[in-house]
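Taking it in order: structure first as structure tokens, then the write-up.
By written order: A, B, C and D. Residues from 1 in each chain.
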Amino acid sequence: MSLNVLYFAWVKEKVGTGEEQVSPSDDVQTVADVIEWLKTQSPGHADAFADASQIRVALDQLHVPFDTFIGNAKEIAFFPPVTGGDW
Amino acid sequence: MSLNVLYFAWVKEKVGTGEEQVSPSDDVQTVADVIEWLKTQSPGHADAFADASQIRVALDQLHVPFDTFIGNAKEIAFFPPVTGGDW
Amino acid sequence: MIRVQSEPFDAGTETNLFLSRNANSGGVATFIGQVRDFQDQDSGSSKTISALELEHYPGMTEKELERIAAEAHTRWPLNDILVIHRYGRMDLGEAIVLVCAAATHRGDAFSACEFVMDWLKTQAPFWKREHSNTDSSWVDAKKSDDTRAERWNKND
Amino acid sequence: MIRVQSEPFDAGTETNLFLSRNANSGGVATFIGQVRDFQDQDSGSSKTISALELEHYPGMTEKELERIAAEAHTRWPLNDILVIHRYGRMDLGEAIVLVCAAATHRGDAFSACEFVMDWLKTQAPFWKREHSNTDSSWVDAKKSDDTRAERWNKND
């Protein structure tokens, strides 16, 4: 599997990069699997994903839950719950 | 009793004037009484008030129901239900 | 602030002025009612409406609009309300009414703006006359306006 | 129409353009969210917020906003929707978002405008960072936004 991984906001700051190309092994099949695999890649990754309840995911630019299969997706993004103006 | 009477929209057109000063007798006490009294003043008045369900009333510039007593009010206005833009 | 006037007004300019007066409010909801181009929609009708005219009750109109705005202030935490309403003759595409409501939370701004419009439509003393190629006639009140206005009583 | 941009925009000018594009709609509801002047309201805080910054997910932001606007069109009879949303750094008093909805009936315009705002706040990929005199920090999501967005599911 080859995936373009994007990080935003404090997830990006903790991981230390906004984008990386990864190729996990074939037993990595769901979003949750990708998260567990990423946590092993660096202390920054581990820190960013320490509390997965604070992480939201988009697969090929669509919001998805953690149990979604990666399938043929090319891009996965991890970010905090979205926020906007005060109103 | 001395009252300034105002008419608007098609009520004004039927009565034939937008404003008149009236002095009905003392037994004219409520809005409904004023309407009955006005109906006797001219065929135009009678026509305007023929279907009282189509008439709305303001007493001293406040919406009121027909059973309201005139009291010390100075101004009474008769008009159709209000209308505005299409939206 | 309430303004009742026969002169045209510019909805965008008024909105910007309202926004800058309310820099401490995050959210501003507005409604603009304009004289719509009827020909596009009522294609079944042979009547071509060219303009409309709003008669009003000078003095009472201002009082009613002030009363409605004050009522909105009692119902929601608002920083400001603006109502501009025209009377007299208006051409297609011209703005008739602008309502702006400023609040810290958008839900309050939306509710107040819609409330003001709903009460205004049933209680502010305006009467509409449509001018067409063939005649001019008074427009009947709409039952749907009463229904919309009554919704705000049920929630009390 | 959806526009996602870092450049400031003029809410009044955009509203006027939307109004003239929609001359066949009687009613236009809008919402403007601006960077509010925090100092007026959070007087208990010693932190002075001077600006805010919105990070976003280029590509996905536009897709989400298009999807939300399309959903609004399926739910209400609308003539047009406009969403303009900024990203990047913004100063106090600047407009962040403008949503306009045009419809024949005002209830549809109001509902669509509020719906777009509620879904946008929970689903469009923006993340806010506040810059103050002492530091800059990411702002947490608000539970109230989730609650508001969920209201639109219940009515289905």
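Keep this in mind: a residue touches a chain if its C-beta (ideal position, glycine included) is under 8 Å from a C-beta of that chain, and two chains touch if they have at least 3 such contacts.
Worth saying up front: this structure is predicted, and the values here are computed from it rather than measured.
Student: State the pair with the higher C-beta contact count; candidates are B-D and A-D.
Tutor: A-D
Student: How many angstrom lie between the CA centroids of chain A and chain B, rounded to a whole number?
Tutor: 72
Student: Centroid of chain B to centroid of chain D, CA atoms only: how many Å?
Tutor: Averaging C-alpha atoms per chain gives centres 48 Å apart.
Student: Find the geometric centre of each of chain A and chain D from their Cα atoms only, then give the gap between the two centres in Å, rounded to an integer.
Tutor: Their C-alpha centroids are separated by 26 Å.
Student: Going through chain D residue by residue, note those that touch at least 2 other chains and give them in order.
Tutor: 26-27, 33-34, 36, 104-106, 109
Student: Counting only residues that touch at least 2 other chains, which ones in chain B make the list?
Tutor: Residues 85-87 of chain B touch two or more partner chains.
Student: Name the shape of the chain contact graph, picking from line, ring, star, complete and other.
Tutor: other
Student: Each pair of chains that touch: what are they?
Tutor: Every touching chain pair, ordered by label, is A-C, A-D, B-C, B-D, C-D.
Student: Once bound in the complex, which stretches of chain D touch chain C?
Tutor: Interface residues on the chain D side: 10-16, 19-20, 23-34, 36-37, 40-41, 92-93, 95, 104-107, 109-110, 113-114, 117, 144, 148.
Student: Taking the complex as given, what residues does chain A use to touch chain C?
Tutor: Answer in residue numbers: 85-87.
Student: Enumerate the contact residues on chain A facing chain D in the complex.
Tutor: Result: residues 6, 8-10, 58, 61-63, 77, 79-87 of chain A touch chain D.
Student: Touching chain B in the complex: which residues of chain D?
Tutor: 26-27, 103-106, 109
Student: Spell out the part of chain C that touches chain B in their complex, as residue ranges.
Tutor: These residues of chain C touch chain B: 33-36, 54-55, 57, 59-60, 63, 96-97, 120-129, 138-142.
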